[in-house]
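Order as written gives the chain letters A, B, C and D; numbering starts at 1 within each chain.
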Amino acid sequence: MAEKKKAPATAKKKNQTLEIIKRLARNKVAMAAGIVFVLLFVMAIFAPLLEPYDYTLMNGKLAFAKPSLEHPFGCDRLGRDLMSRIIRGSRFSLGMGLLGVLCSLAAASVLGSVAGFFGQVADNIVMRLLDVIQAIPGILLTMTISTVLGRGFFNTVLALSIGGIPGNTRMLRAMILAIRNSEYVEAASSINCSKARIIAKHILPNAFAPVLVGAAMGIGGTIGQASMLSFVGLGIQPPDPEWGALISDGRNYIATYPHLIVFPGLMIGIVSLCACLLADGLRDATDPKLKK
Amino acid sequence: MAEPCIEVKNLEKYFTVGKGKLHAVDGVSFKIEKGKTMGVVGESGCGKSTLGRTIIHQHEPTGGQIFFNGKDVTKVKGRALRDLREHMQIVFQDPYSSLNPRYTVEATIREPLLLSHRYSKGELADEVTRLMQLCGIDERLRLAYPHELDGGRRQRVGIARALALHPDFVVCDEPVSALDVSIQAQVLNLLMDLQEQENLTYMFVTHDLSVVRHISHDICVMYLGQLVETSPSKELFERPMHPYTKALLSAIPTTDIHAPYQRIQLKGEITSPINPKPGCRFAARCPYAVDRCREPQELHEMSPNHFVACCRVEELN
Amino acid sequence: MWRYVLKRLGMMVFVVLGVAILVFSLMYFVPGDPAMLILGSGADPADVARLRAQMGIDKPYLVQLGTFLNNLLHLDFGVSYQYNTPVIESVKERLPRTLFLSVMVIIFQTLIGIPLGITAAVNAGKWQDTFCVIVSMIGLAIPGFWLSLMSIKVFSVNLGWFPSFGIDSWKSYVLPIVTMAIGGLSMNTRQTRAAMLEVIRADYVTTAKAKGVSAHDVIYKHALPNALIPVITMIGGSFGGALGGAIIAESVFVMPGLGLYLTNAINALDYAVVRSVVVILAVWFSMIMLVTDLVYAFVDPRIKAQYTGK
Amino acid sequence: MSQNKDFLRIEDLVVEYTSDGEIVQAVNGVSLSLEKGKTLGLVGETGAGKTTIAKTIMRILPEPPARVCRGRIEFEDRDLLNLPEKEMLHIRGNQIAMIFQDPMTALNPVMTVGSQIAEVIELHDHLSGGEAKRKAVEMLEMVGIPGARYDNYPHEFSGGMKQRVVIAMALACAPQLLLADEPTTALDVTIQAQVLEMIADLKKRYDTSMILITHDLGVVARTCDDVAVVYAGEIIENGSLEDIFDHPTHPYTIGLFGALPKLTGNEKRLSPVEGLPPDPTHLPAGCKFSPRCPNVTEACRSGEVPAYEMTPGHFVRCHLAANAAKEV
């Protein structure tokens, strides 16, 4: 109720993105999660430099070695250093998570814009199509598409992103419809703003904050799904050290050598947790209600 | 009589809704003289906002004609419509939703200038400065975002955007109803100053009768899409003739605590504008309604420029 | 209301038809020849051709699609080449197990998640809230199948409380249900909390307080029914997640349900099974969503009014 | 019982909010009193703290973020701020009722309007379900809604009708005090007139006192006996309706009247106060109005400004009024 009147003292160039980052920075938990998140991606990029051992190097003597100082996460059934494999595997897991979410968002923006702008017919076609796709439970859909496309990195990214399209499209469409009726869009059209410009300059930028939050949230879920695909025999398969594949590889030794499963699982958990915390922080930072 | 800037004849705007046709504007005719203000009053849902938006071509009219500076512009399209829009602008009611939250004050005001392709880069900045000064926006707010501004300042930005292309005609759609009284007065003063300086013609849409009396030269009273009375402002307040206008005027709470207070009791509430019956829409609540009221009503000129759409106007006054 | 139910049922038929066409088409364009797959790569081309004719996969796409849809209508799901048994028989035997598993997951996560969410919202800012927020965040982050594996290690191998595979007794269901419900439970907690927080701030809750309604009744009589409206949709939607969870759980705990049938079929490229199972599960999911929508309409008078055309 | 004056007394009330780590000083030392059967108008702009005052009386402020720092509220010789919650439940809706600004959101969307009225009757009059329902139907009819609509849901009513339901709910237990928070702001003028008239009638019938919160001086002129002008959480001027409307003294009050377009007369320009209300997280020292005041002096910028009594019962919190006050 108390409406605040902030007026900047000087005409300083202020960027909204910067402001969001500043607000985010005040949220310590989200910031910590963000830093860990970024560090994990750095780890993925520089994986070859950070691996203590060659991730493919087998050593019969070290088969099933428990965690030790030399091998902090232990070794797998072929005596390969698990830590090196997890570090290398982050390339697969994080890559699929990020790419999967990005592709899905890109497709969803196109579909959502089409549905939100171009009249009844286009909207109906898109929405009915989504109805059909969404009648298949999420994981099942991803599994089906993955079955059809086959295994491998890019095929899996594609399967993961198709699975995410319906939800993202619906969210974007709802946002776009809401913004389309706002007075500033009407104002834009009254000053002769073209339809394309209205979409690009007035609607999409305002629709994207929640999408960004959804994307951050989605990365964790997508990595989880990717690992699940590997686990049921789709996606990335051993010997590639994707985290889910590592778990799948070690599942038969759960009773005796749990470290084979504990560490890759923890990694998935940590990434998802960070993504989740970051998303929550982003949502608070971009929430216009809080900004007012 | 001076030349009309805007003239509408028998304007109609229907919306298709689930249960039929919503008659938002139904056969409205009036003229607005150059440099004058036409106040349009009525309660929520009477179609006053739709009327404004139809005139500036944000909605396509269902029927009737719109004349701008004597030219029939009802059906303009494409290039001509773009040109026309530069001459007709709108100021919105809600200063919180009428500005793009991701645009600075400068970007908001610059956009219409940019889209007109009439200014070079350097001129753009100067023109923005001029408009900001014109509308009383501090230079230090140039790069501020809407959420950093209060309602009054936001409304000034909205006005600057509307005036950027030197329009002749501006629809003010409840521009002050979301503002507190002192801010409201500041904005009203600004609008009146601008009218004088820029020789603007206003159509001022509002539900606040004291505001409309203050700012308007002429007033239209609308009820459920129909024009019930139009007259010069002073005349309307001194000699209201339509039963609805009388009820409306008597309902305004005044700040004069010594004035005798008698109110014309109105029964019931506004009925639905969807698929209405022909005839006077106010008849359902009118204390003087007779059978004749169920037929379409004509405007009677009771005194110069004072028209009333009521078949019993002569006997009741 | 009945007209609405009929309308929705009609729409569902079209959605299911769409799913069937979609799934069939996806499988149709899969690279590789199913006949070749069955007979092995070294098979005699004449044998392959005979098998192709027998399976009907030498006909044009539309004919095959028509046959597929017609068969579906007669509950003929084809034959699994892997087991060489009609799919319908396995489905009849296995579907109840999968549905039981997923329904139990739903019940478990709802019965625990919603009260947790309410507790968190009612105690917003206090330790109960912080606890629920942290726990649900972690629960959301941990992959379900990993949790299942870890639970086998702890509760089956180390403690010996529950079996690690099979469906011998009620005990066999405990670990799969609990571990697969954690994710949905966390989701329920978070969303119920958010819905409650939103509603607690609503004007009508203040009105109730101003009427002299006690703090307890304000929350349970006025706020909760409103907060539950979005939660109902959420429960319906989480059936999809629960079905997915059941599929994975069957794989981890080697439970002979539809999920295990499906994952085995995927690995063996037994397409008749894959597409049948997907269509069947989609039908179930659609029905659940329909029920959800009807319940939703029943609870919210505003929506109900739209449907009954009042 | 001493005098009628003791019916409702607020003394030196201070309420703060915490928002985004900053302290919003919503109410800063408000004192006022209300006589039995009278109506007090609380006038001020958005964010002046009017609603906070009303919610503090009802003790329905969300705490946290709000906090009552200081002050006393006496209602019929009871100290409301220190009353146990259990007794407060008995007062809310029964002895003190409140009408809210936005009828669209003030009713529970999943309960029938009738049961929402019956609820308050059951709570306080201890009637059985059937009797409560009968009385609720009676209340509905009293506010001009057919009793047959008892089982309708709020979404089936228009804004004006909803506000009638809210009023029926507030008056169902014949409260001694009614707090009406902008009860007609969301309504059209003709409906507003109906609703105001109805409130006035019912108030008379039940001998209810009322605090009417509004920003509309016209509404105040029509309904109130006494007026208090609120600015930045302080009452800067209060007195009888005639005191305020015929002899506005505080520069802010004068500015409020100057900002209103009149229905008679021919003024060309309005003369509002320039500037904006202060940021409630950083209130100016001294007189809160000093940054906008056209007649500001050095003395205004520091120290508390006391309330000067101009004529009996007409108080003004402004140094400029001091001389005039002495002359009286």
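By definition in this document, a residue touches a chain if its C-beta (ideal position, glycine included) is under 8 Å from a C-beta of that chain, and two chains touch if they have at least 3 such contacts.
Here the structure is a predicted model, which is why all the values come from computation and not from measurement.
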{"item": "Centre-most chain [mean C-alpha coordinates]", "value": "A"}
{"item": "Chain pair with more C-beta contacts, A-B versus B-D", "value": "B-D"}
{"item": "Cα-centroid distance, chain B relative to chain D, in whole angstrom", "value": "32"}
{"item": "Mean-CA-position distance for chain B and chain A (Å)", "value": "49"}
{"item": "Between chain A and chain D, centroid-to-centroid distance (C-alpha), Å", "value": "50"}
{"item": "Centroid spacing, where centroids are CA-atom means, of chain B and chain C in whole angstrom", "value": "54"}
{"item": "Residues within chain C bordering two or more other chains", "value": "none"}
{"item": "Numbers and ranges of chain A residues touching at least 2 other chains", "value": "3, 5-6"}
{"item": "Touching two or more other chains - residue numbers and ranges from chain B", "value": "150"}
{"item": "Residues of chain B that touch chain A when the two form their complex", "value": "53, 56, 58, 82, 85-86, 88-90, 92-94, 97-102, 104, 111-112, 115-116, 138-145, 147-150, 158, 161, 164-165"}
{"item": "Touching residues on chain A, where the partner in the complex is chain C", "value": "128-129, 131-133, 135-140, 143-145, 147-148, 150, 220, 224, 227-228, 231-234, 244, 247, 251, 254-255, 258, 261-262, 265, 268-273, 275-277, 280"}
{"item": "Chain D residues within the chain C interface of the complex", "value": "55, 58, 60, 64, 85, 89-94, 97-98, 100, 102, 105-111, 119-120, 123-124, 153, 155-156, 166, 169"}
{"item": "Complex interface listing, chain C residues touching chain D", "value": "125, 202-204, 206-215, 222, 225-226, 229, 299-302, 305, 310"}
{"item": "Complex contacts: residues of chain B adjacent to chain D", "value": "43-44, 150, 152, 180-186, 188-189, 192, 207, 209-211, 213-215, 237, 247-248, 250-257, 261, 263, 265-266, 269-270"}
